[in-house]
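Here the chain labels run A, B, C and D in written order, and each chain numbers its own residues starting at 1.
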Amino acid sequence: MIYQGKQKIWADYQKEIPDNHWFYVRSCIRQNFFPGAEKMFLEICRGLLKKDIFETEHHTTCGGIAYHCDTIPQETVMTIVARQFALMTEAGYENYVASCITSFGNYIEILETWKEFPELETRIREMLWKACKREFNKPKYVAHASDLIYKYRNEIAARAKFRLVNRFTGEPLKVVEHIGCHYAKMFPARGVGGAEYPYVLCGMIESWGGNVIDYPERRHCCGYGFRQYHVKANRGYSLSNTYKKFESMEPYHPDFILTNCPGCPYFMDRWQYVIAETEGKTYGENGYGIPVLTYEELASLVLGYNPWDIGLQLHQVAVEPLLDKIGIEYDPKEKYKGLNEKDLMRPELPGVLRCC
Amino acid sequence: MKENIVIIGGGIAGLEAACQLLDLGYKPIIIEKSDHLGGHVADWNCLFPDMTPAGDIVSALISKAADANIFLNTEISFVNKLQDSYNIMLSNGISIITRIMLVTTGFSVFDASKKEEYGYGVYDQVITNKDLEHWFNTGDDRRVNDSAMNAIGFVHCVGSRDEKARNSQCSKVCCITAVKQAIEMKQKFPEAMVYCFYMDLRMFGKKYEDFYISAQRDYGIRFIRGRVSEVSENIDGRVIVKAEDTLSGKPVKVTLDLLVLMAGMVCSQDSTKVANMIKLPLDSDGFLKSADNVADIIDSPKEGIFYAGACTGPKTVPETLAEARAAALKIHLYIMKK
Amino acid sequence: MDFGFKLSPSSAINLDKVDTEKFAELHRAEPDVYKCMACGSCTSTCPANRFSGMSVRKVILGLQRGKEKEVIAMMKNCMLCGKCSMVCPRGINTRHLILSICRIYGEDMK
Amino acid sequence: MRERFLTGYNDFVLPFVCGMLFVLGYCLVGLVRIIMQLPAEDRKKFFISLITPKTLLKNIKDIFLKCLIHVDIWKRNKLLGYMHSSIAFGWFMLIVVGHIEVFLYTSDLGAKALYYPIFFRYFVAETESTMKGALIFFLMDFFLLVVLSGIALAIIKRVRSRLFGMRRTTNPSFLDLIGQYSLWSIFPLRLLAESFTADISGGSFLTKSLNYVFTEFLSNHANMLPAWWAYSCALGIFFVVLPFTRYMHIPTEILLIPFRNAGIKIVNARKGFAKAQVYSCPSCGLCIDACPMGVLKGNIKDTTVYLNRQIRRNNEARIEEISDKCLLCGKCTAICPVGVEGDKLRIAQRSVRKYNFGSDYSNISASEEILRCNKFVNNNNTSVSNPDKERVLYFAGCMTALTPVIRKATESILSKAGTDYEIMDRDGGICCGRPMLMAGRFDQARQLIEKNTEIIMGSGADTLLLSCPICYKIFREHYALPGIRVIHHTEYFDELIRTGRLDVRKGGTRYVFHDPCELGRGCGVYDEPRNVISSAGELVEAAKNRKESICCGGSLGSLTLSFDKRKAMTENALANLTADSPDEIVTACPLCMTTFSRYADRPVTDIAQVLDKCSGPGRN
């Protein structure tokens, strides 16, 4: 691997990310999967970086999953998106930040489509007006939330309590970065680092002290692939995709996987359990799995937040071995205690995958 | 004869045309940007289909063209159109007034790093056809590991027939070059498996098909019909190549010790630069536009300006040489007519 | 545990894992096997094709891709009539090739 | 005549006696083994044939004509014929007359009977001259001279085989050479020995005269014994090496002829009848010139004579190579003077090949195939719709599918002749099984035969018409189709013309007819195609024709000959055909036609095309 070669490509794909005043839209599914992630993002941005981030309870789904599952036509998804833009316009913002990769891809795709077919944009404006009497301006910048964390990775590193270094060996942690497919594969120029070697997560890992692993199936989808997972008959393909990725990264013995998409961490986390139960195979050390984190969770960890406060107990694969390696202290007894100190109850332990 | 004839480009087309013009009694001027003559052919090792040493061809041309006025390391700074001639200002400060120019600016090898998914410049064991010829010539390339060469792959059509690479044209010679280089690699590494990933095999020229049959029958080179989709590096640093084996209708992957990208031919920047200065049109394939692509490939649409070789599109060495001879004759007749 | 779905087998051909020994043996028996350019003349003329999908082209390809089982199934209806060798533009001795395959490859193939 | 020695014995007889006993013992054991190796049924057939007067007489006649007189060789080349019969018949007569002599003049033979007829002259002295004695002396000298002339020719043949009509001859093995030299030396030595003793034992024009010459120089009788020793040694050596040389054909052929006359066929590749054939091969090398592969020098060692030699040596690799390469044109069989069946022997070798898997046609439904050609049967049952009329089922064959002109022309002729016909393989049929059979895969061939039989029997036809001689041969020999006439289109066309169902206008084109191997040598059809062609134009003959016709080189028989190696054979066959400058080459096999068309310098057509061009509906 020639690192300079990658750097050359990264240099070709830099994107302008505004440094303040963002209109933030959440993901539909992340709050169920890993609710700590978006909460921590807002906390880091507002509390730590002192940025102006606006979010509104009026925003809805972007329609991306339905669109990609072929259940709604393109005009519908465009009108939904137009409404989100209208909310942004009404709130007086022009920098649009999406928490979800599918949404991000969806916004970019729609904006590019309007650029090519302006008559379509006019039609959508009419439809939006008919539907809810709203008008919108197109956002000046569209960014993904990970772009912002990437932009401020060095500031975070400066305030970090922990580095991504194995405290037993002193070696940098080996990290697999997994980028959501819709981040840059459709429009390489719209992602940091392009589609072939996206830099958005690599930059965070490098900046926070870890080592990025480049394994053969790095480009591969996590396996969610809407139509694969949502149709039960196809679910085996979803699982097989994930399996292929794990088989490919296994020889590198990664310490954890970092992701920037709602579906990826969830499927890479949960499918490890299914693979373990059906195939008897686990990928971490000593029968554990490989922890899969979102970039917000990782940022919070290095900044020294309590693992249980950021919701790591909701991961299927136990994160404790990773916390031990980094040297983050935690109280196992606190793991299943809610914010109000109420006991959350214990999940049933899997048969094969070691979880505690 | 005191007529100034300016040949722009000292590759084989320029040299051959100069030789012919010298024989006809003229004293042409060759302007060459680089520090040596012979162009791309000078970087090549052997030429298909008879494995003619490229060096022999080039050195014979250079020695025959030695009497021409040759400016190395020289570029054209600007060109002024006069009444019925041109004033050419060279980067070395010399200016030439001429009414006849022969454009032999040739082609550029497609920049394989633009096909990011193939990892040229990123993976240790990915090289181009040109790099391989360089290795044949000098034996110097750390990416080619002699001691562990068990599997070698050739990817056809890199930057050719690819709208994403902004070149939908066929570069014509890469198929046969891949066959040639595959044979040469098999000769050097008889135990290695050699794969060629192709979309179509275009064996159009004299004895090319024989060469292809020989690659199959005598060297056991495996031709896989399918374009390589992506290349990755595995833990021991070898490259994994993925493609569809379209004949089986199945995805195929293989681990290789060396991957050679058959980078195609694109119009060189020098050609476009010259075209801009003299206001020559470009054809839809990105190369210089001839007066007529069938009947008159050597004439440009402008009087007194002629083409030879790959500046008008991908050409083989014999085609280039033939065009250069034709151009020399055309120039001679043009002068005689006045 | 049964989740109602499971891993689907990969359809990809991994050339690293294809056993080349037998094919090398076949090549020694019938060197022309390398000459196939996949034109498909043999397939379209084959009288067994409509019964078992026999195709010498697919046979040659399949053996190089580790698909011995499919190849053997295809060859079940070969009648050795020789039409394929008549039409082969590369002059491959397909009948000898087929007989050599019957000798070298076996029923116990994967 | 009286005996010179009381004991009637001298040590010099020992080499001969030992050799004789050895060879007799060897042959006896071999005979028993070969007979035991025959399948029980064949063995029974063989013994019955031996006591059936008709076959017995035929056996004696064949043995006399073939083994002694070599009539087949006489037909081929007089000089070669004389050479063979002079040695064989001459020697035989020497033995016969020698025995008569001994029995006439000696009584109380005992163990002496073993060697007396051979060395009689040494042991006796002439007491009186009688007419009877002189005649015997003369006969003995005469036949000795005959044999010596044969030997002289044999020596000449070694260096100038072309005089004997042979371009190439076999490369003898080391033991063959020893056998040959000892055989050659037997008779001159006998002459020498008898000449030394001729003044004592008597003799005739040869021995007596030579004796006078000898006494001129060497009056001493002491020279006598070494000559007799040498004679005995030559015989002894010859007999000892005989089983390991080509001369084994002498005793084996005597067994092969009754086997063949008993109707025995090759079953086991190496045992029984096959073994008898292999050992009957005299290594004469006639098959070398006959072999169409011989045009390429590299193939000479792949001819039948070498196959036999390698089988005797159990050289498995070479046996496989030789038997797989052969085109199975059958020409070596047709011209072999002893009747070694080179093609069948090779198919037998192929049949013992081990395969890991083979074809299985059980998935092919014959009843579905019948639906494609059920014109002659009533709907939903098997009863024939038109039982009194001729109902022709035309099986064009796989190869004809690649030469659609043949099918088109044949159909056109059938329409003109008003034949009610149906095509069995309009959209591709099931192979006849002959190619499989030729590859030695009998079980698969049998399955194909069964499928086709079911289809043909279910079609309601009464005639099976074939365009392809390859199919024709197997349909004739291996199919049981009761009530159905199997006919090749050449024969059928001939019949149409003869019965007036087709009207032919004779043109001026000069046609040469190529006898396809499977039609001519394979099925014995030579005249019908010639009749058809003669009625359409002028028939010219090839330099070698009928049973000596040269294979086109495209044969399916060869398993290993690659495409590029066949070109020379095709060109050689074409040169043979065009010797008399015909306008057109006519054949009756789609494979021959395709093969010739590739390299021919003039049109190559099928007989159906020729006939179709110049025929119209007949008056009948």
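Just a few scattered comments:
We take it that a residue touches a chain if its C-beta (ideal position, glycine included) is under 8 Å from a C-beta of that chain, and two chains touch if they have at least 3 such contacts.
From a predicted model like this one, the values you see are computed outputs, not experimental measurements.
When chain centres are defined as mean Cα coordinates, A lies farthest from chain C.
Two chain pairs, C-D and B-C, are weighed by contacting C-beta pairs, with C-D ahead. With centres taken as mean Cα positions, chain C sits 39 Å from chain B.
Centroids built from CA atoms put chain C at 46 Å from chain A.
Chain D has its Cα centroid 86 Å from the Cα centroid of chain A.
Within chain D, not a single residue touches two or more of the remaining chains. The full set of touching chain pairs reads A-B, A-C, B-C, C-D. Those residues of chain B whose C-beta lies close enough to touch chain C in the complex are 193, 195, 201, 213, 216-217, 220, 222-223, 225, 245, 247-248, 250-255. Those residues of chain C that touch chain D in the complex are listed here as 32, 45, 47, 50-52, 72, 75-83, 85-88, 91-93, 95-96, 99, 102-107.
Within the complex formed with chain B, the residues of chain A that make contact are 1-2, 5-6, 8-9, 194-197, 214-219, 251-252. Per the touch definition, chain D reaches chain C in the complex via residues 324, 353-361, 363-364, 398-399, 401-402, 428-431, 433, 435-436, 439, 441, 444, 448, 556, 559-564, 591, 594. Touching chain C in their complex are the following residues of chain A: 232-233, 235-237, 239-240, 243-244, 274-275, 277-279, 351.
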